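One chain, chain A, appears in both complexes that follow, with chain B as partner in the first and chain C in the second.
Moving on to the complex of A and B:
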């Protein structure tokens, strides 16, 4: 039997209900229109112009887009963004699950759980500038720690030879805490009977993790993956700017747009085009990943 | 129990709200302080005033360097602006000046001193909008075609002055610079000003030089007794140091303009102009290659301080001050910027780029630090008077001594100015005759600037040869032309 949904019968609504509905919808829609849709359309229009931000604009069609796609630095930036996001996803998902399971299923005391939650969550409440300065100082001055390993000590300095690896590490370190809390909440919502049944059947902790916790966490893990993807592509520059300023081939798309739009390069039309490309890439990746994961979940169900 | 928890929560939330609100106010205050508004009292002047006030009296010794370009002189030489006081038209009202200043207190002192003198001389009420974020804070208004200030100091990031000049944001100063007189004197500005550093747009002057500056290398005189005069000496001395050279890799243009381009300029103004204007073929020229080859050899000899290619400018400066290397690429502002961090046993000294042959003369590239007047300036007459006012010798000395820059005038007697020993020695070195001076005057496309930064870092890290660097720059120049 088909489940009946709760719904509002729009046709039978009286005037006061309509007014109330419009009262809620119109401000939201107006704000969305003026602060989201209009700037996007404005960006699209400006991306077809040769404009330095001051003075007259010259219509040049799709030349800005053609120049972007023929720019080696743009492809470097895109490649870096994808690499950062990909490894960040792997590290955060793996460690956030590990920490969340440890703090919920391991036999820890209440005080210990609170302590570790706080420790893992601290990076989320620190300013990006503080985080970048701390890690930058650490990697520049503590290379003696790996004497013999030569992971941190390189010919030209770690920030010159392995900047991307460090950026991925720092970006992941910042993100684990928040997603760990999300997963802890989900794990706490798993019915205790499932664990009891598994115990009676003789399933160990690892099997419980594999057959109970991970399947139950699937929607939250999908949320984590899509959220990292959507939140990273545009904001990787927040870390890159203070850490490397794009030097040593660490350009990312956000910084690329920023440089062309606001610095003395002042190619504003070009920056608009680059920003739209960034938005398009983010949208396509998020959409594709989301669809893929939904299908996988449906298959498993 | 439940009630007490609720009460506790309410108290905590209230405290948090109050704290966050007070936090907002603190931020607001800091922001207001950042855009420090120095307001001066109006001095009422009843009649036409003589602009020559006792405090701004000029030196009256005779100039012996009037016809020499860049002939600023120390010692007991002359003043270029040494004319009898002229009566100026009475002025009134106000004047707003937007001034980007860095962390150092010195530049703001210079502006305060000059604003005081201008007020005293003219009766105009001067407001200085100063801070390290003023460009960011006001760029939207400039962009919208407004004039948030009458005069703008073109310094720091965030103001694309070339585009602003081309788009008509600035007032055309051609007449003032070519025909105007130094405020309160009968001297023509064009006679006393170093006209060669002026950048023009279609022959029009939109930017008035306030000071001039050069970039090069700095070393510690206490450890390096004699500055290297060519590449062979540079390499030999570098080998005796813990490490040879450092530069801020995140802002590798410090090396572009302190190390590479001065060495290019050593081949003469013509070749420098070819490269600096972005002529693609110039980047394949054997003279340009000779400069790149020297740097490649220097990097292969492992003489660049490890970590330089990823350092920010403060890190690189501190590394140098802490004795980790012998030389650093930087500009004349270095002493003023690092004033509080210079060790007592450290004697900073400036030198031109040593990436030159034995038979070449060390060369510096002189570029101007400019002021622009807004086309829509509310106080245009006062703004133009201020532009004429800055060319008075004692005003130039006020800027020189606080900024540690060179003057925009051809000749200034700075020996008795209250400036640091390092600044005086640096100016003595630049005007000693041992160094050639090439004027910048032209600009290449910023895409070349970007590529140059990548090239320098890649060469430093051994990931690019001189030949590859030349090709990369050629391609960037070709693309931007």
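Moving on to the complex of A and C:
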């Protein structure tokens, strides 16, 4: 902070500033506490109660948590979440890096770059309802892709037999554009001298990619990976809720919480406990991945 | 600078150029085809759809759009869904812009007790996934409605409340962005205004807002898109069909249309719901993508 200037100290408070705080900033903060923090605290407290949402509560200690861990469906949901996130990360990171490098370092024409940038971002602006409906009816009956090969053909239709694969595909489909743009910016920020000296040394494009672009990109790739991981719990649920609503073993943790919280009204305390477990798992995973990748980067440098 | 980076044309770089283009074109098809399918199915007749789901329509069946528009379920219509969504987007974006810029200004340039606490609250809570707040918040609003107005629906089944919640829940990420921008404004500008006798509101609206306008346009565009597309919170809160947003409305129409095999009309609804957001994207593509750049520069 700057020391007091000779004329006026612009940072110190006065009546006008207090009014500004009182009428705009503090109400905003109060609303924020009310809509985001208070529900969180409430769910933490009520997760120790047997509560149907309206009637009297009975304190039952950690019994809700114990029940969650002995519920087969919960482990199913956790397994699905992990599978979806894992494959989604692989697909998105690979393709986003590939496209970002192609659109910056390959010698495409300017028009081509603009075209691909425009198209690849389109899935990011669509609503979850549009995405899920189009893909749902698309895969319901798509024998035309499969004439003669029967690779994609399954007994009961692909939605019944391979729902997770489709969900992974759809989730990746709508994620790539955003992360591609993130990586394009990062690549454009790499100083040109690095390439020039590599050119002088006679390093080819592939070597440049491996020894210059990827190491320089490491922090952004870490950002992409952690961001996908952190967003996944919510994103998976938002996709699966309108798609299958957890049928055919496509339950995920977010949806598990949602269903207990809204439809099964006698188990609200249980739903809150599940939500907190979910948040804990998500935090630990994000933190661990972030730390691990940071350490790897430090080792490389 | 660009010229120097280009290496000389060689056989291998031609081949790799072709391979890369192949990848890019394949992905273009993967992205575009389902959307193209959605568009041409929306003008395809029922009989043609039943005969072959993926074939191009032989005749353009505009009547699907009239079916979509006039399909008023018992209580509501597509127009109503559009209006509800528009009202939510408008109110929510206005509140969001006001709250986010005022809060960021205060956090960046004021010196008061609890400023740091406030900032930490916003930043820590950024990590709480909104999906987890949803259910407790829903119960909270129902309970308050019950206690104050003897109606559990009054604060949940309410488009104004939904708009307010959208605005408030979007705050942390954007505050994070704006605070560092406003901090970089030189205090001299503010000082000069203070010397001229300007009040806080004048400083805020004449100095701060113009300065952060580009970033504010980006975050509000993002907000408009998110709110227009939002589904889960709306599905939980809005119960009566007259309050449905476009996403909820299409979902409630869905069953009737697929039952009678009128996929054309259903897809016409989808096309209509995408249209406003698509126009926004075409007009503001630069801001939306450059905006992503700006947020990335700070987060990375």
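Keep this in mind: the second predicted complex is superposed on the first by the 259 of 301 C-alpha atoms of A that agree within 3 Å, B and C clash if a C-alpha of one lies under 4 Å from a C-alpha of the other, contacts with A are read in each partner's own complex, and residues count from 1 in each chain.
The rule we apply is simple: contacts are C-beta pairs under 8 Å (C-beta built on N, C-alpha and C of every residue); 3 or more make two chains touch, one makes a residue touch a chain.
Quick caveat: nothing in here was measured; it's all calculated off a predicted structure.
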item	value
First, second, both or neither for A:262, with chain B first and chain C second	both
Touching partner for A:66 - first (chain B), second (chain C), both, neither	neither
Which of chain B and chain C A:157 touches, first, second, both or neither	first
Touching partner for A:134 - first (chain B), second (chain C), both, neither	second
Chain B versus chain C as contact partner of A:53, first or second or both or neither	both
Which superposed partner A:165 touches (first chain B, second chain C, both, neither)	neither
Partner chain(s) touched by A:249 [first = chain B, second = chain C, both, neither]	first
Between chain B and chain C, more extensive residue contact with chain A	C
Residues on chain A lying within both footprints (that of chain B and that of chain C)	53, 262
Residue ranges of chain A touching chain B (in the complex, touch as defined)	52-56, 73, 140, 155-157, 159-161, 163, 244-245, 247-249, 259, 262-266
Contact set on chain A toward chain C in their complex	1-2, 5, 7-8, 10-13, 16-17, 19-21, 24-25, 28-29, 31-33, 35-40, 42-43, 46, 53, 95, 98-99, 102-103, 106-108, 112, 116-123, 125-130, 133-135, 137-138, 141-142, 144, 173, 176, 178, 181-182, 185-186, 192, 195-196, 199, 204-205, 219-220, 223, 230-231, 233-234, 237-238, 241-242, 254, 257-258, 261-262, 268, 271-272, 275-276, 278-279, 282-283
Of chain C, residues touching chain A in the complex	1, 4-7, 12-13, 16-17, 20-21, 23-24, 27-28, 30-32, 34-35, 37-38, 52-54, 98-99, 102-103, 106, 109-112, 118, 121-122, 125, 127-140, 164-165, 168-169, 171-172, 187, 190-191, 194-195, 199-201, 204, 225, 228-232, 235-236, 246-247, 250-251, 254, 263, 266-267, 270, 273-274, 277-278, 280-281, 285, 288-289, 292-293, 296-297, 299-300
Interface residues, chain B side, partner chain A - complex	139, 142-143, 157-160, 163-164, 166-169, 249-252, 306-310, 312, 315, 446-447, 450, 453-454, 457, 460-462
